[in-house]
Amino acid sequence: MTTWGESHGPALGAVVDGCPPGLDLAAAEIQQELNRRRPGIGPGASPRKEEDRVEILSGVFEGKTTGTPITLLIPNRDAESSDYDRLRDVFRPGHGDFTYQRKYGLRDHRGGGRASGRETAARVAAGAVARKVIAQAGVEVFGFTAELGGVAAERFSREDIRKNNLLCPDSRAAEKMSEKIKAARAEGDSLGGVVEIRAAGCPPGLGEPVFDKIDADLAKALMSIGAVKGVEIGAGFRAAGMKGSEGNDPIGPGGFMTNHAGGILAGITNGEEIVVRAACKPIPSIGKEQETIDIHGNPRRISVGGRHDACVIPRIIPVCEAMVCMVLADHLLRQMNNPRHEA
Amino acid sequence: MTTWGESHGPALGAVVDGCPPGLDLAAAEIQQELNRRRPGIGPGASPRKEEDRVEILSGVFEGKTTGTPITLLIPNRDAESSDYDRLRDVFRPGHGDFTYQRKYGLRDHRGGGRASGRETAARVAAGAVARKVIAQAGVEVFGFTAELGGVAAERFSREDIRKNNLLCPDSRAAEKMSEKIKAARAEGDSLGGVVEIRAAGCPPGLGEPVFDKIDADLAKALMSIGAVKGVEIGAGFRAAGMKGSEGNDPIGPGGFMTNHAGGILAGITNGEEIVVRAACKPIPSIGKEQETIDIHGNPRRISVGGRHDACVIPRIIPVCEAMVCMVLADHLLRQMNNPRHEA
Amino acid sequence: MTTWGESHGPALGAVVDGCPPGLDLAAAEIQQELNRRRPGIGPGASPRKEEDRVEILSGVFEGKTTGTPITLLIPNRDAESSDYDRLRDVFRPGHGDFTYQRKYGLRDHRGGGRASGRETAARVAAGAVARKVIAQAGVEVFGFTAELGGVAAERFSREDIRKNNLLCPDSRAAEKMSEKIKAARAEGDSLGGVVEIRAAGCPPGLGEPVFDKIDADLAKALMSIGAVKGVEIGAGFRAAGMKGSEGNDPIGPGGFMTNHAGGILAGITNGEEIVVRAACKPIPSIGKEQETIDIHGNPRRISVGGRHDACVIPRIIPVCEAMVCMVLADHLLRQMNNPRHEA
Amino acid sequence: MTTWGESHGPALGAVVDGCPPGLDLAAAEIQQELNRRRPGIGPGASPRKEEDRVEILSGVFEGKTTGTPITLLIPNRDAESSDYDRLRDVFRPGHGDFTYQRKYGLRDHRGGGRASGRETAARVAAGAVARKVIAQAGVEVFGFTAELGGVAAERFSREDIRKNNLLCPDSRAAEKMSEKIKAARAEGDSLGGVVEIRAAGCPPGLGEPVFDKIDADLAKALMSIGAVKGVEIGAGFRAAGMKGSEGNDPIGPGGFMTNHAGGILAGITNGEEIVVRAACKPIPSIGKEQETIDIHGNPRRISVGGRHDACVIPRIIPVCEAMVCMVLADHLLRQMNNPRHEA
């Protein structure tokens, strides 16, 4: 999978190579996933209207994948790049402006260019293809808000996820989270949180033994999302404080009795539910004034107003799901190489 | 970099390809790193004597690297595989026994085979080469124990790291950690902890913009170590609870004023110290009896006694360092491709 | 570099990743290369009007490359796929119809789908970017017709290449080639030939020592073009009949005295001109009736009329040049990794 | 697959990753292939005694592959590197001495170092593993001498290949070839030739559609052997002189009626025999005096006597077979990814 495109260029998109032939695939299905990522969802949403309309340019013939590369294109429509003119020479704190300038010697300053969160639209589109691949093997991926603005979900109700627009499995916690978002927005500030992704129905045996462990690939995939600063599998950082007798999952004739491993042992799926969490930092674009410098090194004070979300959650959830779907699809297809596979 | 070898096969090793020519390289330097990983270091150490003697089989001529693949070989000497006969048909909880059996249909049951922690000796050897590469660019990598058995280091003294055998930057905390280890060992139990790795002197501009962000590669590299269940960069999971105005690092004419980013912005190094933490689960081999099944699905009770460490820390620290050195070396070499690079 | 797209889908294109930042790049420059590949050039040309208009969708900002992926899009305009309805169930001899059906279980039968020669338009577009990269290092790539329909060029005049529309360095041979093409077309038949590509100004030291020798990569790149059935470097198949004393290129203080090696020794460039030749089979779409079967295995007779070229030469020359440019660009950028490089 | 090692270092070897688990594999089987490559076979053989004894260091447990990396080690025994001292400062014509010096700034001058033909022993060892993988799918690979010193085989008898020590399918031609070799040796000169490799029993559907066509991978694999200067598939360069009506293979209910395609259509196997030919240049090490320069640029005259073969054929045949086996094994395993595959 390759994505390309800048926030304010003519379009962005993805090329998905290696998809098996003969799968039903329609633009409408991909669109459905994209709609879950669009702004105006959730109380922290940005008013910017991104009408992300995906087109399939190749790899599908008469409604079925052909086995050749699938190209997905999302034209950029509501891209008012003149908004960004005043940012041309200044580095926004918490953004890639400084590092891009140092790496490349020049940068597309409009809305973050390649580093923009808009790039993730292409990931969601490509993830929709991966989701179809894994669905064929009976794997279902879903995500939810585990923590937001310091408020943690205290119970898990799958039903609640659908009920509140923060996709939180604890609707009462969701209310407190909404309050936090409103307060942060009023202050011109922003919030972070923790997203949890689960994959049910995953066969045992996926993952490679050493460097390409499936948890290593999941960690890379999630950490490659701009806002993510931490990734953990199963008990994760909590495992560091456990004893071996607490952390080991005992095995019984009916399967594992607990799931501290998060469905992965020695880098290979064990048939239990896969559980991954990603820590997301607060959105760096805030109205509050911050100290920074311009490209000549002079001190500047900057307020990054405009049409930005106050919290990356819940919009980032379909992005995290898409990345997990892609890793699982990749390992499912790899494992078919293995003549002894039980996957 | 490729590693190969099982815990109880004739040898294990690594092939390092892509190392620049003309670097001084001696087996003794690699040996030095390996010695830091050997058992008998730290109070949680296993009595198994692994005399890891590394040999350089290729890629070095008259003391200098030639630019061709460097092969490092570590013969297995103290491998009493008969110890493991009683484990042939049973799955140890917390180990890869179950998943290897399901993936491959057969497995080398001796000491974990390919999934054994011994495989990391090859990583440490290869990491010693990477460390030389990055040292040329002025980058220094070091690690320490941030938390062990629930006890966290409360202060950071670089000197302390050298003073206690847990490599803890807070010698008083180290004493409490030692107590915890002794107690766990007495109970036939084991402990986990958190390792922190820092890289100083890293030039800005390392890392690729989208999927191959340098933090994504660091997350994959560390998560590919068997014991690691979580990885975080900079403020990591703490960032999820911050506001944007707290989490953003303000920039001044002299550089960044704080380092919540852990030296990485938008996947690219910003010139500040790189800070990564890895959560390590407790060692799964414990004397305490556990419930499990055999390969026929029958319930069994098992006590995995023998020559095992009670805590993976501090022996895992040089392994984590090696992985970080390899990722940095890789990105340093890549960035030289960039005619505008400042690296 | 990734290409995507089918002959008769909505569009085809390429994504070029890894291009250095700060290079001037305009769609017009890429268009110029594409125009060299368009039909209506040369006496063997197809009357199908492919108005290949390339658009740059990403990776270029204010006329300069940004270092991020460059996406090139070529909409398909003149695609009358109904022409192909009668081919839906029948395998054209010499085409990929049979193998695609066996591999994927279904295929886009319109104009060859993914296997169509149209896919090479994307290669030419991407090659134009690579050509700019190598031009910066002083490397110039050009190709010509060495043989066509059994007629070989007997002299080499760089000027002649520009004078005749077969791009033949021997204008008298070019006349005979034209006659051959006319005769083949009259018979409803087609012709093949040999293309030679040369790269001047290439620095010594490009290429990796073992599997990724630069001649190995050139061979793969050219053989990946549908019509190519053979590739040779320097003296190539003639070298098989030479003695060592004839085939070795003596070295003098001023450089190599001959160039049987074609500019490559032990997989690494030696500073002399790189010389590669590709044998192209005749175009398989011919008016003459041929024996074949349908997808049910029944014998059929088929005449593939329509708007096809009688000879793949000279249109294939810019495609071969593009592939050579991409391999050289790739190795030039890789060699910059090498701190001792002279490239 | 990775190989490593220099001609005169302590050892050379290969790491084969991705081999399916559960395959019977013994060192003796690999040894058998290595013995076919050893000197003293054929009239052009070098008197150097390379007792290549292969050891399996990892990836095999109780006689079966485990699915983890297989490491093969071949110690260097008869390595008199002092023979090469007089070559330390001089570039042998036709060798990689010049290009290695320019690329790396230093080189292991002993016997060609990494560029030595000895590196191919590791390929043969690794190829023996690949041969086992493809044998399971019913694929058999064999090679023979098609041309040597300008003498071509004029008939094909599979039996003859086993009868003469040049592995020529035409024993009468083999006699003439032997005469040519004796004459060349007497003159202190060397010869080249053409090797043909065939693969029978290959299922249709192997190969990827665009850049990773199976013929592209075969071309790269063969061209990566030092002596090879040209590769052709099926009719190869002869196809350039054919008309479409001659070159296309008609299809009948019983299969393809001819095999000009060499078993590959549009980069994908069609179920017919795969036919590949590699043009090998004469061995560059000759006794005859040649002009060259030393590393300071001074003219020198050099005679490379010693223990060298007069012709790379037939010893290169198992090397070419090994490369073909590896490409086929790779594509067979890849195709298993394809849920619709018929392979």
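Note that the chains take the letters A, B, C and D in the order they are written out, and that residue 1 is the start of every chain.
To be clear about the criterion, a residue touches a chain if its C-beta (ideal position, glycine included) is under 8 Å from a C-beta of that chain, and two chains touch if they have at least 3 such contacts.
What you see is a predicted model, and the numbers here were worked out from it, not measured in a lab.
Shared contact partners of subunit A and subunit B, listed by label: C, D.
Matched by residue number, over half of the contacts between the chains of C-D recur in the interface of A-B, chosen from A-C, B-C or A-B.
Of all chains, the one whose Cα centroid sits at the greatest distance from that of subunit C is B.
For chain pairs B-D and A-D, the one joined by more C-beta pairs in contact is B-D. Both copies, subunit B and subunit C, contribute mostly matching positions to the interface they share, with over half of the numbers common to the two.
If each chain is reduced to the centroid of its CA atoms, subunit B and subunit D end up 39 Å from each other. Distance between chain centres (mean CA atoms), subunit A to subunit D: 47 Å. Taken residue by residue, subunit A touches two or more other chains at 3, 21-22, 67-69, 103-106, 114, 209-210, 338, 340, whereas all remaining positions touch fewer. Those residues of subunit C whose C-beta lies close enough to touch subunit B in the complex are 18, 20-22, 67-69, 136, 209-210, 333-334, 336-340.
Residues 3, 91, 93-96, 98-100, 102-106, 114-115, 119, 147, 149-150, 184, 189-194, 204-207, 209-213, 215-224, 226, 229-237, 239-253, 257, 260-262, 265-271, 279-286, 288, 290-293, 297-299, 335, 338, 340-342 of subunit C are the ones touching subunit D in the complex.
Contacts from subunit D toward subunit B in the complex involve residues 2-6, 9-13, 15, 17, 21-22, 55, 57-59, 61, 64, 66-71, 73, 103-108, 113-114.
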